[in-house]
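Sharing a structure with you now.
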Amino acid sequence: MNRIYLLVNINVMNKEKEFNDYRSRMNDRLLETDDKIIKRIFNLDMNAFLDGHLNKKTKELIGLTTSLVLRCDDCVKYHLGKCHELSFKTEEIIEAMSVSTLIGGTIVIPHLRKAVEYWDELNKHV
Amino acid sequence: MNRIYLLVNINVMNKEKEFNDYRSRMNDRLLETDDKIIKRIFNLDMNAFLDGHLNKKTKELIGLTTSLVLRCDDCVKYHLGKCHELSFKTEEIIEAMSVSTLIGGTIVIPHLRKAVEYWDELNKHV
Amino acid sequence: MNRIYLLVNINVMNKEKEFNDYRSRMNDRLLETDDKIIKRIFNLDMNAFLDGHLNKKTKELIGLTTSLVLRCDDCVKYHLGKCHELSFKTEEIIEAMSVSTLIGGTIVIPHLRKAVEYWDELNKHV
Amino acid sequence: MNRIYLLVNINVMNKEKEFNDYRSRMNDRLLETDDKIIKRIFNLDMNAFLDGHLNKKTKELIGLTTSLVLRCDDCVKYHLGKCHELSFKTEEIIEAMSVSTLIGGTIVIPHLRKAVEYWDELNKHV
Amino acid sequence: MNRIYLLVNINVMNKEKEFNDYRSRMNDRLLETDDKIIKRIFNLDMNAFLDGHLNKKTKELIGLTTSLVLRCDDCVKYHLGKCHELSFKTEEIIEAMSVSTLIGGTIVIPHLRKAVEYWDELNKHV
Amino acid sequence: MNRIYLLVNINVMNKEKEFNDYRSRMNDRLLETDDKIIKRIFNLDMNAFLDGHLNKKTKELIGLTTSLVLRCDDCVKYHLGKCHELSFKTEEIIEAMSVSTLIGGTIVIPHLRKAVEYWDELNKHV
């Protein structure tokens, strides 16, 4: 029994790293396929969030809130990571996600729970 | 034949007013039902977009972009109306919607077309 | 101008009939294709809403509320028609739809507006 | 190897408890943020499923079936737990979920599998 | 009254042209904004459906069936137009759409109705 | 620590078998309920992918790409398994999925990652 709890703890502590590692490894695998559409979508995705008429911070909030209403946990994690790098405050992130929850309904709540858990973990590693 | 084209023109010119009139009339009808859940959702909806940790403009962008990825034309129109009142520039609105289209995919494009058409119309009436 | 308002009125009054006529005509067209999958889905759809372990009324409420969270206006209209035949009270229908709106979020509201408008029209023709 | 199978068994047996514990812990965390919108959505969510014009049992069926068509596993689990407390029979739950599957399509089936697995587990603990 | 029926007939006959005209006009408007993301998505969209490892016909079927499960009427119309140019047989189109309906559920049916109506119209103009 | 890495490895190697075992066990459980709608949907699902006006390979591509835009990981895995049996080439599968990603947007990417990972694993077991 103790062993199992230990296992769970290790998993929780590695959540951020595990997510990023898997993401990088599989992105590399996808780019290695040499599929032009995938390559261009990936390239577009990188450029779309740079400063433009709207600044980076606003764009990451758009990325976060649209991902949340679409209930894409991995997309939410990715944008939370970016929001963390851009020094958003917790209350801003929570407020943005609460607007998403209102728009997307209570079915968004399970994803909101995971999002806050991940956000809290990001903040432990500052 | 001429009469028909005339009809179409009148419709197009009234799109904004028609949308708002229908919306108001049916919202009144819904509130008249005295259903508590609906009343509270409507009330929440009004409060959620006021200045808070995030300002009104940021919140309206969230409203606009989440509505667009969820492909809700009427929601998009509503938030475009609010964005117009808050003096967003066309290039900001287009950029926000382009990020939504990237995230939500090419199935968002038909809704993007209607959105830009409505935005252009809002700008004629300044 | 007067002619146009007249046109709109006629349209509104025929909404229920127009919906049912189009639905019947196109269903006939679909069944005429002799596609086995479509035929069997249509047949299943008819049987699924008969009395079983759950009664018809409960099943129609399920049909209505799931259609609403999925934001399918025509499906909502169809089930509202059935709910009307089964003598649901307005406050029951409104309450069922308010739960759907809470679950599906404020993006459901534009569909809720159309649903109430259609329900009110059904009640005019009793 | 034996140890690993043991681990899996323990996990399966704790599925219900694990789900509820995580849910409670993260709900507490969300309420602790003091975000008004989240608080009010949570409060609404509790009130919406009380007896009203429709009774609790009907409302939980609505909660269950709408969650299933929206393919929200955690929402389905939550409502299955409530349905279990309200003494629904297995054949009623299965029938309700079969209607959802017809409406939402075969992509609902993977979620139906998890739902039945969870329902069966709830019934072991009566 | 007669005038109104006449109006409806004219509308139906022009459905294909009306759809294409609106689509072209608004696409031009979108490209005119000079937004790089939109431009690149449009460009990608054109290239993605050319012959590659899969041929054009297979890709258009993918475009049609994914658009149908996502319930995007305008996307469906667009791909039906392309399928028509590529000389698909009616029974192939119907079968492809029936598989989509099974996967996406009965909520796809209203979109299937519109799709068949549009397909039939395309075939009148051969 | 070593023990944990071992556990993870075993899990990864069994991904395909684990998926199929769970799927079979729960499908049996569902059919055992004797629910007519579920039985008929399962039966339809089997028949829909047989050779017809379109051949099996085309239908499996439709199954794969629609499942991907609907972001149903288990449905994607199932159809990847079938595509593997039907000897699709990796570049065909990647291209089909890249079209889906364009249509469904960047929120499809996390599901694309899992899909490629599963496809690669299927190919190890040839």
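Residue numbering begins at 1 within each chain, and the chains themselves are lettered A, B, C, D, E and F in the order written.
FYI, contacts are C-beta pairs under 8 Å (C-beta built on N, C-alpha and C of every residue); 3 or more make two chains touch, one makes a residue touch a chain.
What you are looking at is a predicted structure, and each value in this text was computed from that prediction instead of being measured.
Fewest steps needed to get from chain A to chain E, stepping only to touching chains, is 1.
Touching chain A and chain F at once are the following chains: B, C, D, E. Interface note: chain B and chain E, two copies of one sequence, contact each other through mostly non-matching residue numbers (shared numbers fall below half of all numbers used). More C-beta pairs touch across one of C-F and B-C than the other; that pair is B-C.
Chain centres here are means of the Cα atoms, and by that rule the chain farthest away from chain A is C. Seen from the Cα centre of chain E, the chain whose own Cα centre is farthest off is D.
Chain C and chain D have centres, each the mean of its CA atoms, that are 27 Å apart.
Chain centres here are Cα averages; for chain D and chain F they lie 25 Å apart. Work out the mean CA point of chain D and of chain E, and you get 38 Å between them.
Touching of two or more other chains is recorded for residues 7, 37, 41, 44-45, 48, 67, 69-70, 75, 91, 94-95, 98-99, 101-104, 106-107 of chain C. If you draw each protein chain as a dot and join the dots that touch, every dot ends up joined to every other dot. Only residues 36-37, 40-41, 44, 47-48 of chain D touch chain B when the two sit together in their complex.
Residue ranges on chain F touching chain E, taken from their complex, read 44-45, 48-49, 52-54, 58-59, 61-63, 65-70, 75, 89, 91-92, 94-96, 98-100, 102-104.
Residues 7, 10, 22-23, 26-27, 29-30, 33, 35, 37-38, 41, 45, 67, 70, 72-75 of chain C touch chain E in their complex.
By the touch criterion given at the top, residues 69, 101-108 of chain B touch chain F in their complex. Those residues of chain F that touch chain A in the shared complex are 1, 4, 7, 71, 90-91, 94-95, 98-99, 101-102, 106-107, 109-110, 112-114, 116-117, 120.
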